[in-house]
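The data blocks that follow each hold one structure.
You will see two complexes here that share subunit A, one where it goes with subunit B and one where it goes with subunit C.
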Partner chain A sequence: MAITFQPSAYSGLVDQENGMVSREIFVNSDIYAEEQERIFTRAWLFVGHESQVEKPGDFFVSSMGEESVILCRDREGEIHVFLNSCMHRGMKVCRYDEGNTPIFTCPYHGWSFATDGALVGVPFYKDAYHEELDKSQWSLIRVPRMINYKGGIWASWDPNAPDFLEYIGGFKTYLDILFDGWDGSEGGTELIGGIEKWMVPSNWKFPAENFIGDRYHNISHRSVDLVGIGPSGQGRRDNREREGAKSLDVSFPERGHGTVMFLRPEDAQPVESYQNDPVVAEYFYQCEIARKERQGQLWRILAGPGTIFPNMSFLPRQPRSIAVWHPRGPDQTEVWRWFLVDKTAPPEVKEFLRQYYIRYSGPAGLTEQDDMENWNYAHSASRGAMARRHHYNYQMGMGYAVTDFEDGGLKLDGTVLDTTKARAGEQNQRGFYSRWREFMAARDWDELATWRKGGSAC
Partner chain B sequence: MAVANDPLAMLLLKQDVEAFLYHEANLLDDRRYEEWLELLTDDVRYWVPMRRNVKFGELEREFTREGQDINWFDEGKVTLTQRVRQILTGVHWAEEPLSRISHLVTNVEILDADPTPAEAGQVSLRCRFIIYRNRVETETDILVGRREDTLRRVDGDWRIAQRQVFLDQNVLLAKNLTFFF
Partner chain C sequence: MADIVNLFEVEPGQTIRLYSEATAEVVSNPRDGVWLFVRYLSSPDDPDQVGQEDMVFAQDVIELVAE
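Let's look at the complex of A and B:
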C-alpha cells in the first residue's frame, strides 16, 4: 500500500483518541526523510557542553539530526555552531572529534575558515578569482539560534523558533535538576572526559520514548537487578530515598517533553544513599540537606529519566548523563552519551561515580545492554508488510491524568499521571507522539507554538 | 630483563604464553565464563578505552584515559564477575540466546619477561585479535584491535593481571559489548 504523507495523514498515524501509533512512523523511509525536514530543522537540539570548548579555538564536532556541525569558541571567546561543510564543494572542513585550532582548512581545495566562520583563505584568489569573489558572502553556515543554558549548548536551525526557555516551558524544573549541583547550586555540574558513541539498529524514537518514562520495562533489566550494580550494592539504582514517595509521570504534551519522578512525602527527611562508600554517602547526604534548605518543597522531587523533544534524553540522578539519539536512517540510531558530575565534589566522589556510570551505561553497561537488544528487535520485527498494518498500543493509564496536580502545597506544571499504585503509564509517550504529529503537520512556528493560543494545532 | 640473550628460553616462553592465550580464548568461546574468571588475578585491571579522531601531532589524546575518563571498560574483578553473573542469570536479553563467538588471537609478541625468560614470573605481551560475534539469526559483529596483557604466575600457573584493549573503531559499530576481549 503506497501512502502519500500529506499533513492530514499524520493524524491517522498517531491516533491520540484511541492511544495507538502506526508502526509506519518508525520504519517508513519517506516519513523518516520528512522528519529530517520538519523536526530536525525546526526543534532545539542538544549540541554539547560548554566545557568542551573552554578556550578560544577549542572545537567539538557534533551532530544536528543527520548533519555534522562544529561547536567552537572563536578568538573573542564567543561560542558558535556551524554546518561542517565547505561552502565551495561541501567537503567536511573538520574530521576530528575535538581539538583546538586557529582555522578550519578544507582538505579538498583549501578554503579556510576562521573560528568565527569567516572565509579567510581562498587559494588562487588573485589569479583564478581575479579578486572578485566576495568572501564575506561565503562564511560557514551558522546555526542561527544557539543558547548556553547552565553549560548545556543547544541550537536550532529555525530563526523563528521560540526562545529556548519558552521551548522548554515548565519542563525547566527537571532540566535544572540535571544541570544544577546536587546541593542545588546553579549550574554546578561539569563533564567527565570521553563521549560514548555507538550505533543501535533501531529507529531514533524507540530510545526517545523509552527514556521519556517507560516504567513498564523493568523486566528488561531483571538480570542487572539480580546482580546488583547500584551505588549501595543492590539493584541498579538506590531505592531507599523513594520510600513513601509518590510515583508521578509528568508530561508537557504541547511541547513533547516528559519525565518520570518520585515525589517524597511532605515530612520526608534526607536518607542515606550511595552506601558502598562512606565518603560518597556522606557527600550526597550533605548535598541533600543543603538542597532541601535551598529548594524547600521542590527538594521533594526525586527526578528520573526524561526526554526533551525530539531526541535529547537524560538521567538526572543515577547515573547522571545526557543521551542524544542522532537519526541515521529509519533503521539506525547513533547514540552519543555525555556524563555529568558536581564540579565541587571531592575526587573520591567523582571517581566513584565514574565507575558507576561506566558499569551502568552504554554498550558495555550492564543495564543498557538489554535496552539495545529490545529496541533492535522491536524495530526489526515491525518492518514487515503485515506487521506495519498493526498499530502499537499506548493505552496504559489513558484518562487518569490531571492538569492541576497538587500535593501538600506543592503544585506541579504539566499533565501528571499518578502511577504510585499503577506502577506504570504511557501518557508521556502519548504526549511525545502527539507533539511529533504536530511537528510533522505544522507549517511553521506560528502553528507550532500552540501554548501561545492556549490550544492545539491539530 | 634479558629477552635477546636467551633465544631458546624465549621460544619456550612464547610457546607457553601462546598456549595460555589460546586456552583462555577457548574458555570464552566455549562459554565457560566462571572458569575464565579463575584465570584473572584478584587485582586484575581491565581497560578498554574509547578512541578519538585527533590531529596529527596530538595522538597522545587519541585514547580516553584509564582511571580518569569514561571508557568502554575500566574495572577490576568485581565488575567483571558481575558481568559473568549477569550472563548466567539466563535473563540477560542481550546474551539470551547466547551469541556465537570466536576469538582469533594472533601476532603474539613478548615485550618483557621478569626476571628472565627462563624463570619468568611475569610477562608483558602484545597481540592482535579478531572477535567474530554472530547472534540470533543474521546479526554479525567483527571487532579487531590490539591487546596488551600482563601475565603473572600464581602458584605455577599463568594468570591475567592486566589487559588493555585498543579497538580499531571510533563510533562503536556494535550495539553492545556483552562479551570479553
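Let's look at the complex of A and C:
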C-alpha cells in the first residue's frame, strides 16, 4: 500500500493514545526527506563548543541535519555559523574538519569569503563582471538564530524559532548540569580531546530515543557491569551515590526533551567515588560538597542520559559528553561525540577522565559497542516488507506519570514517571515521538510553540 | 611566457607582476593556492591603485619579480 505522507498521516504513524509507533518513520526514505525539511530546518541544533573556535580565524566544520555548516570566529572575535556552500555553484568552501584561516576559498571557481561570511574575492571581478556584481548580496548563508549557551553553540535555520531558553524550557535544569562545573560553578566546563566521529547503520532516532530514557535496555550492558572496571574499583562507580535514591524519568513532551535521573534522599550526603585514584576521588568529593552548598535541593538530582529534541543527547555526569546523531539517510547516522571536563580540574583528574571516556564511549568503548549492536540490528530487521507492517510497542508505564512531582520540598518541572519500583518506563520515548509528530505536521512555529497555548499541534 | 607561479610558495614581501601589468608587494598569503593579499606598487591602467591593498587571484599572477 502506498502511503501519502500528508501532515495528517503522521498521527497514524505515531499512535500516542495507544503507545505505538510505525516502523515506517525509521526506514521510509520519503519520511526521512520530510524530516530534513520539517525538523532540521526548524529546531535548535547543537553545532559545537566555543572552545573549538577560541581565536579569530578558528573554524570547525559541523552539520545541521544533513547540511555542512562552518562554525567560526571572525577577526573581530564574533562567532558565526554559515552554510558550507559557495554562493556561486554550491561547492563546499571548507573541506577541512577544523583549523584557522583568514578566508574560505571555494576551490571550484575561486570565490572567497571572509570569516564574517562576506564575499571578498571574485576572480575576474573587474574584467568579467565589469565590477557590477553586488558582492554584498552574495555572502555565505548565515544561520538566522544562534546562541552561545554556557559554551555550547546552538543554531536554528528558522528565524521564527523561539528563543533557545524558551525552546528548552524546564529542561534547562538538566542542561545546566552538563555545562556547569562539577562544583556547580556557572559554565565551568571545557572540551577535552578531539571529537569522536563514526558511522552507525541505523536511523538517527534509534540513538536519540535510547538516550532520552531507555532504562529497559540495561541488560545489554550487563557484560560491562560484570567486567567491573569502573573507576571506583568495584562494579559501577555510581552505585553508592544512588543508595536510597528514587529513579525518575522526566519528560517535556510539549518540547520533545527528556532525561532519566536519580533523586537522592533529603538527608543524603556526598560519598566517595573514583577510589581507584586518591587525587581524583578527593577532587570529586570536594566538588560534591561545594555543589551541595551552592545548589541546595537541586544537588539531590543525579542526572542521567538525556536528549534535547531532535538529535542532541548527553551524559551530564560520567562519561560527561555530548552526542549528536547526524542523519545521513534513513539507514545511516553519523555520530559525533564531544567530551567535557571541569576547566579548573587538576591535570591528573583530566587525564584520568580522558582514559575513562575512551574506555567507556565511542566505537571502541565498552558500553557504546553494546548500543550499536542493538541499533544496527533493530534497524536492519525493521526494513523488510513484513516487518514494516508492524508497529513498535511503547506502552510501558502509560498512565502512571504525574505533572506535579514533589519530594521533600523539591518540585520538578515536566512529566515525571517514578520508576523506582518498576525500574523502567517509556514515557520519555512517547514524549519524543509525540513531539516528532508535531514537527512533521505543523506548518510553522506558531503551531509548534504549543506551550504558549496549552495545547497540541496535532 | 613565465612558468605558472605556485602560490603556496609565495612569501610576504615578494613582488609579483600581474596580468594587468601592475606590480604588487605580497602582504600575506592565506595559502589556499588561489588568492594573495597584496599592496600595489605600480598600476599603469589605474594609477589610483598604487598603495592600495587588494586580493589577487592566482590566474592574475604572471610572475615573481626578481629582487
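One rule holds in what follows: the second predicted complex is superposed on the first by the 454 of 458 C-alpha atoms of A that agree within 3 Å, B and C clash if a C-alpha of one lies under 4 Å from a C-alpha of the other, contacts with A are read in each partner's own complex, and residues count from 1 in each chain.
Please note the rule applied: a residue touches a chain if its C-beta (ideal position, glycine included) is under 8 Å from a C-beta of that chain, and two chains touch if they have at least 3 such contacts.
Predicted, not measured: the structure shown is a model, and the values here were computed from it.
> Looking at the superposed three-chain arrangement on subunit A, would you call subunit B and subunit C a clash or a fit?
After superposition on subunit A, which the two structures share, subunit B sits beside subunit C with no clash.
> Any idea whether subunit B or subunit C touches more of subunit A?
B
> Taking the superposition as given, does A:15 touch the first partner, subunit B, the second, subunit C, both, or neither?
It touches nothing on subunit B or subunit C.
> Check whether A:364 is in contact with subunit B, with subunit C, with both or with neither, and answer first, second, both or neither.
A:364 sits against subunit B, while subunit C stays out of touch.
> After the superposition, just quote the angle formed at subunit A by subunit B and subunit C, using C-alpha centres and rounding to the nearest 10°.
Computed from the C-alpha centres, it is 70 degrees.
> Of the two partner chains, subunit B (first) and subunit C (second), which one does A:224 touch, if any: first, second, both, or neither?
Touch status of A:224: first partner only.
> Once the structures are superposed on A, label A:282 by its partner contacts, choosing first (subunit B), second (subunit C), both or neither.
neither
> In the superposed arrangement, which partner chain does A:354 touch: subunit B (first), subunit C (second), both, or neither?
After superposition on chain A, A:354 lies in contact with subunit B alone.
> A:334 contacts which: subunit B (first), subunit C (second), both, neither?
The first partner, subunit B, only.
> Of the two partner chains, subunit B (first) and subunit C (second), which one does A:374 touch, if any: first, second, both, or neither?
In the superposition, A:374 contacts subunit B only.
> So, does A:123 touch the first partner subunit B, the second partner subunit C, both, or neither?
Second partner only.
> Could you tell me if A:34 is touching subunit B, subunit C, both of them or neither one (first, second, both, neither)?
Once the two structures are laid over each other on A, A:34 reaches no partner at all.
> How far apart, in whole Å, are the nearest Cα atoms of subunit B and subunit C in the superposition?
Here the least C-alpha separation of subunit B and subunit C stands at 8 Å.
> Show which residues of subunit A both subunit B and subunit C reach, each in its own complex.
On subunit A, the overlap between the subunit B and subunit C contacts is residues 101.
> How about subunit A: which of its residues touch subunit B in the complex?
95-99, 101, 192-201, 220, 222-224, 226-229, 334, 339, 351, 354-355, 357-359, 362-364, 366, 368-370, 372-374, 376-377
> Which of the residues in subunit C end up touching subunit A in this complex?
28, 30, 32, 34-35, 37, 55, 57-60
> Enumerate the contact residues on subunit B facing subunit A in the complex.
Residues 48, 50, 52-55, 58, 61, 64-65, 67-75, 79, 82-83, 85-86, 89, 91-94, 136, 170-178 of subunit B touch subunit A in their complex.
> Which of the residues in subunit A come into contact with subunit C in the complex?
The touching residues are 101-103, 105, 107, 110, 112, 120-121, 123-124.
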